[in-house]
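What follows is chain A paired twice: with chain B in the first complex and chain C in the second.
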Partner chain A sequence: MATGEAESLRFQHRLFFRELGALFPDTLPPEAISRVLDLSCGPGSWLIEVAQAYPHICCVGVDLKPELIRIAREDAHLSHATSVVFEGLQHYEQLPYGANSFDFVHIQRPSAAITPQKWPRVLREITRVLRPDGWIHFLDFELGPTSSVALNTFMRYLHEAHVKTQRVFSSESTALTSALLFPRFLKEAGYAEVAYTLHAVDVGNQSGSAGKDYILAVLAEDKRIGTYLVESGVVSQEEIERVVMTIRQDVVRLKYCATGMLVSVVGRKVEER
Partner chain B sequence: MSHPPYVPQTLPVTSSIQAGRGNAINLNALLHQYLLQVQGGLLYPEHIPVNTMESVLDVGCGAGAWIFDLAKRNPKLRVYGIDASEEALQHAKRRRNTSSLRQIELRHMEFLQSLPVPDSCIDFIHMQHFARHLSPQAWPTMIDECVRVLRPNGWLNVVELELCEISSPAILTIHRAVLQARAKLGRTLDRTGHTLGVIQKLYALLQNVGLYEVNYDLFTIDLGVLGGSTAHLFLTEIVRHAFIVKPLIVQQGVLASAEFDQLVKEADVELQSPTLCGWALLVSAYGRYGGGSD
Partner chain C sequence: MINEQERLQEERNEKNPCSRIASHRYFTAIQGGLVPNTVSMQEVQRVLDVGCSEGGWVLDLARKYPRIHITGIDADEHIVNEATRYARFHGMSNVAFLYHDATTSLPFKTRTFDFIHARSARFLYMPQRAEALTELLRTLRPGGWLNLVEFEQSATSSLAFDRVIRLFLQMVQSAYPSSVGIATRLYELLLNEYLLDVSYTVHAVDFGSYNTLGAKAFLDEVFLALRNVKPIVCCKNALASATYDALLEEAAEDLQRPDACCFGYLLSATGRKDG
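Right, the complex of A and B next:
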């Protein structure tokens, strides 16, 4: 199960960084960074690349899923990335690191990793381990619109389920992530130089198979997502099976068109007075 | 039908909307400049060889912001602009007559009627913010008309944009109310009323009518604080447009009148938020008509 998840996270990582073209935000020179924390690192794709490209950086990756941490360690070993450490955690509300331990905290898909209820405490904890003048970086992806009615329906079910299980901040927006609220959250938490960048991503078949592969990789985990949707009562088992089957057919069509937005948000921690 | 939502006589007297108020034509010129900037200064996709062409038609040209730019850059090109709005066309005619751009010809067209242009005489048809006005039923007719006036191997370029996300709940609700009202009347491609449903369908639409070399370019429109004053204007324009279709929204039972007014007030406040974040996507889809020659 987790292997399918690792695979879909790897696809996601490739898709994101093909678009961004750099591992760190433009405004931050990697030379000035010496300790990095990757929260919810998954199979460690981003962190391993950082370790390979910048051997001077000491890299720490944490995730709640032991299976993903196991895969990350294996991958790091195979990639001869020696400056990277992966640790499995029980939760993100208490990080096993001292105050001011990191220069840079990276969180890919924060909406998936941190639910609204946990958000204030997790952010407080991240802020504690981040040194003054250190940077926080959120990278989130909002899929849509797409030409597949089935895929749009699937996303709507997912949103309904997220609203029911309180996994989204806002019920007005049909967004599956909270990407566009992060600037506000960071400012409210006292961060300075809060900024965002937007990158439109073509995930349709016009621009190659990356987008399609990504969707198929996400759907490869459909049993888990399907169970979640059925258990939260937004859709029946038969309906979700029908929708997933239609998506599989839709995304391989030549005329399949899909877009998404990659949102990157940064903020600098200011010294407490 | 032209793209400008014209300024109604009774606007809500709220600060930013009042501040953004002005001549609708000037506003559209500003928005044109903004979208041009979003597309990296290109008036049309790079693949389209306008420098080898004789005639270009802009369907839904409005006051002509696009055709004047095109004519200035291509002095030998014959440029036709057609629109359903007499007011917008009058403005364009005045502008043409005071300029030296005699290559521009402006014609009136009834919405969804045949294009006032002879068969097979146009090399390139441009349609910006026009597709959104077409109901699913109107599409085939429109495309047939385009194919009729295009020369063999001529180009069709359809440009549309869609507001995707905005961190202001009031603006989002207002925008969705417009879409829902239109969806109830069967006037959008997306029957759920969540989106206009146009940008993601352009690619398939052009392929379905047998165009070849179909492709699209995708652009980000930053609607947050970092998008600057034009982003602000863009959002104000969405609220302004909603205000025009308010009777429809109320009539279709999407929002009550008082509810709508309250949302406009809230939108005005939310527009000023220093952490406003959001985006729209612009898709420029294009393809060529074979004309039976291949």
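Right, the complex of A and C next:
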């Protein structure tokens, strides 16, 4: 079950970094970074690549799912990445690290990893383990308009379910992720040089299979997402099965066109006065 | 009812060419140029721009390629006259502007153009879209290129802006049902016409916190359009005029915050006529 999730997270990583072309934001030279924390690291794809590309960096990855941590450790072992450790945690509100432990905290898909209610405490905790002048980096993905009516419908159901289960900051917003609110959160939390960059991603059929594979990998877990949608009462079992089947047909069509946006947000922790 | 004087003022505002040209250049910069790089300009002599508006794209292309001839058509007579006056004043002889609705048959011979361009063209929203495309392709020579460009708004950190955009889109949807999601369907439209080498590009349009002059010009236009549709939106949604105004004001304030975030997509699809 979690292997399917690991696979979909690997697709996600490949898609994101094919677009970004670099493991770290342009403004931050990796040479200046020596200790990295990857919060909600999943199967560790990003962190293992960091460990391989920059052996001088000490890498720590944490996730709440023991199965993903097990896969991450295996992958690290197979890729001979020795400067990386993975740890399973019970929650992110209390991190087992001392103050000022890291230069860089990376969070991929923060909207999926952390619910709005938990954010204030998690951000406070990240800020504690981040050293002054260290950087926080959020990387989120907001699926944009697509030519598949079924996929657009699916996203609308997902949004409705997120609103019902309070997984979005505001029911008023049409965005599925909280990506666009992170600059504000970081500013309010006292971070400096807060900035965001956008990368439009073609996840349609013409750009090769990465985008399509990503959608299919997400749908491969459709039992999990489908159950979530049905249990939150936004859609019936029959309806979601019909929608998912149509998406599967749509995304392999030659005429399928889809967009998404990678939102990268950075901020620098300032010394408390 | 909207006050007549206010309406006239808004109409004048709407035709403010400065902000429109700035916003045209903003999109052009985002697309990385006036012409998709799949179009080989050495093979282009005659160009048609559909829905040319004040002629920003036509004039910029004419300046860049003085040897080619460019025709712009638009369904707004006033704007076409303005563009003609401007071109004459600047002594540009390689451009022509024509008052013409692209959903009716075109006053051009078959195989006239080497390249046809349409950005945010109104005919794409119309029920006669398919017929209009066929008619456009009639005037394109075999081997000539067709390039369609559309913008689509996506996410924003401003709840007020999100809400007002949603109201706007609902209104557009009821007026032009076929316009919904048109940006991601351009690719399909070109494939359906059996064009060759069909491809598209996706570009991020980042206009949070009015971060550039271009973004500001574009947002000014968006807000102008939102103000212009106020009577219709308010009537359709039983919304008080003052509530709508307050929403617009809140949206504008939100987007001026330094931590504001707002983006959309620009999709550009290109294909070549079989020949």
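Methods note: the second predicted complex is superposed on the first by the 273 of 273 C-alpha atoms of A that agree within 3 Å, B and C clash if a C-alpha of one lies under 4 Å from a C-alpha of the other, contacts with A are read in each partner's own complex, and residues count from 1 in each chain.
Criterion: a contact is a pair of C-beta atoms (placed from the backbone, for glycine too) under 8 Å apart; a residue touches a chain by one contact, two chains touch by 3 or more.
The structure presented is a predicted model; accordingly, all values stated were derived computationally and were not measured.
Colleague: Superpose on chain A as described above, then tell me if chain B and chain C fit or clash.
Modeller: Verdict on chain A: clash between chain B and chain C.
Colleague: Going by the contact rule set out at the top, does A:45 touch chain B (first), chain C (second), both, or neither?
Modeller: Neither: A:45 stays clear of chain B and chain C.
Colleague: Would you sort A:206 into first (chain B), second (chain C), both or neither based on which partner it touches?
Modeller: In the superposition, A:206 contacts both chain B and chain C.
Colleague: When the two structures are overlaid on chain A, which partner does A:108 contact: first (chain B), second (chain C), both, or neither?
Modeller: neither
Colleague: Kindly classify A:175 by the partners it touches after superposition: chain B alone (first), chain C alone (second), both, or neither?
Modeller: A:175 contacts both chain B and chain C.
Colleague: State which residues of chain A lie in both footprints, the one left by chain B and the one left by chain C.
Modeller: Residues common to the chain A contacts of chain C and of chain B are 142, 144-147, 152, 170, 172-175, 179-181, 183-184, 187, 194, 196, 198-200, 202, 204, 206, 254-255, 257-259, 261, 263, listed in rising order.
Colleague: For chain B, which residues are in contact with chain A within the complex?
Modeller: Residue positions touching the partner: 162, 164-167, 169, 172-173, 192, 194-195, 197, 199-204, 207-208, 215-216, 218-220, 222, 224-226, 273-275, 277-279, 281, 283.
Colleague: Across the complex, what residues on chain A touch chain B?
Modeller: Touch residues, chain A against chain B: 142, 144-147, 152, 156, 170, 172-175, 179-184, 187, 194-196, 198-200, 202, 204, 206, 254-255, 257-259, 261, 263.
Colleague: Given the complex with chain C, which residues does chain A contribute to the contact?
Modeller: 142, 144-147, 149, 152, 170, 172-175, 177, 179-181, 183-184, 186-187, 194, 196, 198-202, 204, 206, 254-255, 257-259, 261, 263
Colleague: Name, in rising order, each residue of chain C that touches chain A in their complex.
Modeller: It comes out as residues 152, 154-157, 159, 162-163, 166, 181, 183-188, 191-192, 199-204, 206, 208, 257-263, 265, 267.
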